[in-house]
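Going by the order they are written in, the chains are A, B, C and D; count residues from 1 in each one.
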Amino acid sequence: MACSRFEYVKAFERHDRLLPGCWAVIRLDGRSFTNFSKAHAFAKPNDSRALRLCNAAAEAVLRDFDQHLAFAYGESDEFSFVLKRQSALFARRESKILSTVVSLFSSAYVFYWNKFMGDVPLKGPPSFDGRVVLYPTTKHLRDYLAWRQADTHVNNLFNTAFWALVKGGKSQRESEEILKGTSSKEKNEMLFTEYGINYNDEDAMFRKGSFIVSNLPSGRWGGEVSLKRTREGEAASSECGMAGGDGDGKFVTLHVDIIGDTFWNENPDLLAPSDLAPPRIPKSIGR
Amino acid sequence: MACSRFEYVKAFERHDRLLPGCWAVIRLDGRSFTNFSKAHAFAKPNDSRALRLCNAAAEAVLRDFDQHLAFAYGESDEFSFVLKRQSALFARRESKILSTVVSLFSSAYVFYWNKFMGDVPLKGPPSFDGRVVLYPTTKHLRDYLAWRQADTHVNNLFNTAFWALVKGGKSQRESEEILKGTSSKEKNEMLFTEYGINYNDEDAMFRKGSFIVSNLPSGRWGGEVSLKRTREGEAASSECGMAGGDGDGKFVTLHVDIIGDTFWNENPDLLAPSDLAPPRIPKSIGR
Amino acid sequence: MACSRFEYVKAFERHDRLLPGCWAVIRLDGRSFTNFSKAHAFAKPNDSRALRLCNAAAEAVLRDFDQHLAFAYGESDEFSFVLKRQSALFARRESKILSTVVSLFSSAYVFYWNKFMGDVPLKGPPSFDGRVVLYPTTKHLRDYLAWRQADTHVNNLFNTAFWALVKGGKSQRESEEILKGTSSKEKNEMLFTEYGINYNDEDAMFRKGSFIVSNLPSGRWGGEVSLKRTREGEAASSECGMAGGDGDGKFVTLHVDIIGDTFWNENPDLLAPSDLAPPRIPKSIGR
Amino acid sequence: MACSRFEYVKAFERHDRLLPGCWAVIRLDGRSFTNFSKAHAFAKPNDSRALRLCNAAAEAVLRDFDQHLAFAYGESDEFSFVLKRQSALFARRESKILSTVVSLFSSAYVFYWNKFMGDVPLKGPPSFDGRVVLYPTTKHLRDYLAWRQADTHVNNLFNTAFWALVKGGKSQRESEEILKGTSSKEKNEMLFTEYGINYNDEDAMFRKGSFIVSNLPSGRWGGEVSLKRTREGEAASSECGMAGGDGDGKFVTLHVDIIGDTFWNENPDLLAPSDLAPPRIPKSIGR
């Protein structure tokens, strides 16, 4: 066949298998989203529509890889998908996993744009970069998630204070100067005394980010139970449907604390199976 | 700061720099596109609209990374982007390059859907997987491109014959049986004698795939020159505009033979700089 | 300086850091040791002198990297060194760790040859190949060690039966035929009934391999304690001294079961620190 | 079989194949050789015996991998082995290639110690670390070799001047101060005017390092021809034999300029086959 003389070039492809037995996080970030959010006049400090659009794109990814992804966590224009440590998705080929997740997220972001952004016209195709990071133990994964949520907190408190100052008449430069070096406590106090904002009353989605997980098979997050466990109404029912069934209720989006132990203790299945379970071996890498 | 206790998890990120001095090909493939093309009733054996949509998505990628990508070659639902061997794009970080290219292509595919597919509704977000392959020398890269174009030829000749049989009344199973083991020559003859199809008269885009390259700065592919060089009118002027200027003429899409030496000899800049040029070192990897 | 024009070639070096937080096993194997052992007339099925020489070479490695290696396990011409999961040895650079361990082992093997092999002249420089394998959890590491010791058992039982047959007058080919497909039980019975060999009375070093570990700081394997814990006198005191102090007692070589839980339960420090300890981050990879 | 339950741990092994079509350099460095050379009272600034010992160890490596290694270049306690770009040695597995080369070099260094170092007792096993670096084109490889030889020149000129000062009565600290910031020209002049040393008359092995290459099949470096080509007697016949035939003449050690083009133009086979030759594909990586 005509192909055969050139086919040797396939030998230059690399086997980039993710180490078995590890948790893998696929993290995406919006590229040049500062400009993108300006161009589309996103609300400041947070645009609920844009955040729900991200959540919908993430749900499209979770739906497609339901057996392989444990859950996802997002904030701002960033999303982390957690691949189960036992998963043999695409024989754990890093490039294939990374590219497919980023592709589907990006594609879904555009696909659902109108549903969430209403009559705001999309001016051009946005893009996201991504990477895969391996975490050998559940402790490492918990610390990764805590790192992202702590980041959400720090950024959102800063942004809330910053935009309160700007909306109150300061220039952006002045606002930055005022906030430089202030503690969390000082920002909280300033918001309350000067602008009448109780930071803890801000939307939990802004303060805690969005944790998206399948409602099945345990049904844990449906009905009474979830309302009880996630105090103060922080559990949002899935607000965005995907192709083939809007609001099908398969996934729920929570805005809860994932730094402390409470959430994880109440939902032990999320990080199962335990370290001691024998890993399933990707078939194609046995040699 | 609250982050610091958990920030150690950043140390698990990997530096996945592409070897300097090599050509790198980023190749994308449509995921489950057999189903996708059925669901959207793509014409068989080739859907010109869908191919032009792919070309438009590829052009969006080329436009964004104009300094770094030498050119792109596509066929069917597959596209290969060639990163210049001297490029220091994203410090040559493989994950970042791969994910960004796949993301932008996917996003643009949805963004331009209506422009090319008219009133065919997009039923859900499509996705593409991707990989990066390194080629140390220009000889290797040329052979890679030849491999893909030979594949285009073999697949398209088969598909043209197959769908001629099906449209002529055979079942898909019968058609496969008839074609099994036939040579290129036999397929050509069958098309001509039984269906009056001269395969060489088929659309060059179907037979040769699409080679997309910047028209600037040399302007080589504009006007008379390109018509002369690409005999038989195989040069298509850029038919699809991107955000900010439809049909801006910055890129041209060619449907020419890239297996033989003629095209490359006539356009020596495409594969420059030569092996002997000292590579530019990505700044962040000097240690 | 004259160097600078060429120094860009350093940018082609790769950062091959081992994933933090994982156990890493550096496993060495003698290259062409079937020939090597024939050329030096090693006793069959086991040559105690040659095994002790391997153990001495391993001890030289452990001595040099005492803070970083947890222990080592060897059988035949193979040795596995276990890098502590928290170790930042050489910033966890894989090539540097692998090459240094293999180099020192090889060098020590020649250096101590005369001490263990007496007047057998070394006919040429032997060599060992090596690889590094990562294990994310302690369960995986335990299974790795069990895999190697199970291999020791299977190989040694076969070899003991094989050489009993050969010494009893069979040809090597006949002996292989006789043993083909026999169970462990059948080999044991044949050894006992036909050759009066009780396999369990064979030297524990042959049956169990050699587990080498630092005696310090706990001093666990000195004196009464070790004799009690390792029943039937299976604990061998360190029999081979290294440069700067023969028989310095810093390391002990045990021939014990490491498949079951008993040994590990009695020596919990060996696999500490636990999964939950925060890993130390290699300095040079913080970004 | 008893092994099977644990055998899954093999799936954690990584396929670390070197990119085909590239030159690969395996470079070794003595570990803590400043101390090692003091402990064994090596002559300063250069110890001819120790350098010849390194060359002999390198020759042992070249002999073992004669079909795969193009040549080797060494200086001080460092050696670079160049793997042919077409070589499929060990299916191009990086760990196996690196570990075997470092192992054999280290083992041979100890094995040949007495032959070269006479009655100097070896006090302990030395070790070498190593790494593999890929170079996509012959231009890159030439620049790598030029980098190492430029380094040899700079270091040796400094060391020659430094030890002339020290032997002339200066302290080591004073000597360093005197040389700080001096140019090559200034060092040359100081050596000549103050110590009567014409640097260009120093042993070519010290000034140029050692380039070791197989004499076969062309026999180029034997007899008259090599004397003519390597002017001023800089070609040293192979001075050190290996196991199985001392001084067998298979390899020659040259001390010539490898920065300029002359040497390479006169010996075009050394860097063949050219870039355009189709690479041989390692069998096991075809998928």
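Heads up, the rule we're going with is that contacts are C-beta pairs under 8 Å (C-beta built on N, C-alpha and C of every residue); 3 or more make two chains touch, one makes a residue touch a chain.
It should be emphasised that the depicted structure is a prediction, and the values quoted were computed from it without experimental measurement.
Chemist: Sort the other chains by how far their Cα centres are from that of chain B and give me the top one.
Modeler: C
Chemist: Identify the chain pair with more contacting C-beta pairs: A-C or C-D.
Modeler: C-D
Chemist: Between chain C and chain D, tell me the centre distance in angstrom, where each centre is the average of that chain's C-alpha atoms.
Modeler: 31
Chemist: Would you kindly tell me how far, in whole Å, the mean C-alpha position of chain C lies from that of chain B?
Modeler: 51
Chemist: With chain centres defined as C-alpha means, what is the inter-centre distance between chain A and chain C in Å?
Modeler: 45
Chemist: Which residues of chain D are in contact with two or more other chains?
Modeler: 8, 10, 12, 14, 19-21, 134-135, 140, 143, 278-279
Chemist: Show me the residue ranges of chain D that touch chain A in the complex, using the header's touch definition.
Modeler: Residue list for chain D touching chain A: 8, 10-12, 14-15, 17, 19-21, 278-279, 281-282, 285-286.
Chemist: Going by the contact rule set out above, which residues of chain B touch chain D in the complex?
Modeler: Contact set of chain B toward chain D: 19-22, 85, 134-140, 143, 275-276, 278-279.
Chemist: Help me check something: in the complex, which residues belonging to chain D touch chain C?
Modeler: Residue list for chain D touching chain C: 1-3, 5-10, 12-14, 28, 31, 60, 64, 94-96, 98-100, 102-112, 122-135, 140, 143-144, 146-147, 150-151, 153-154, 184, 242-244.
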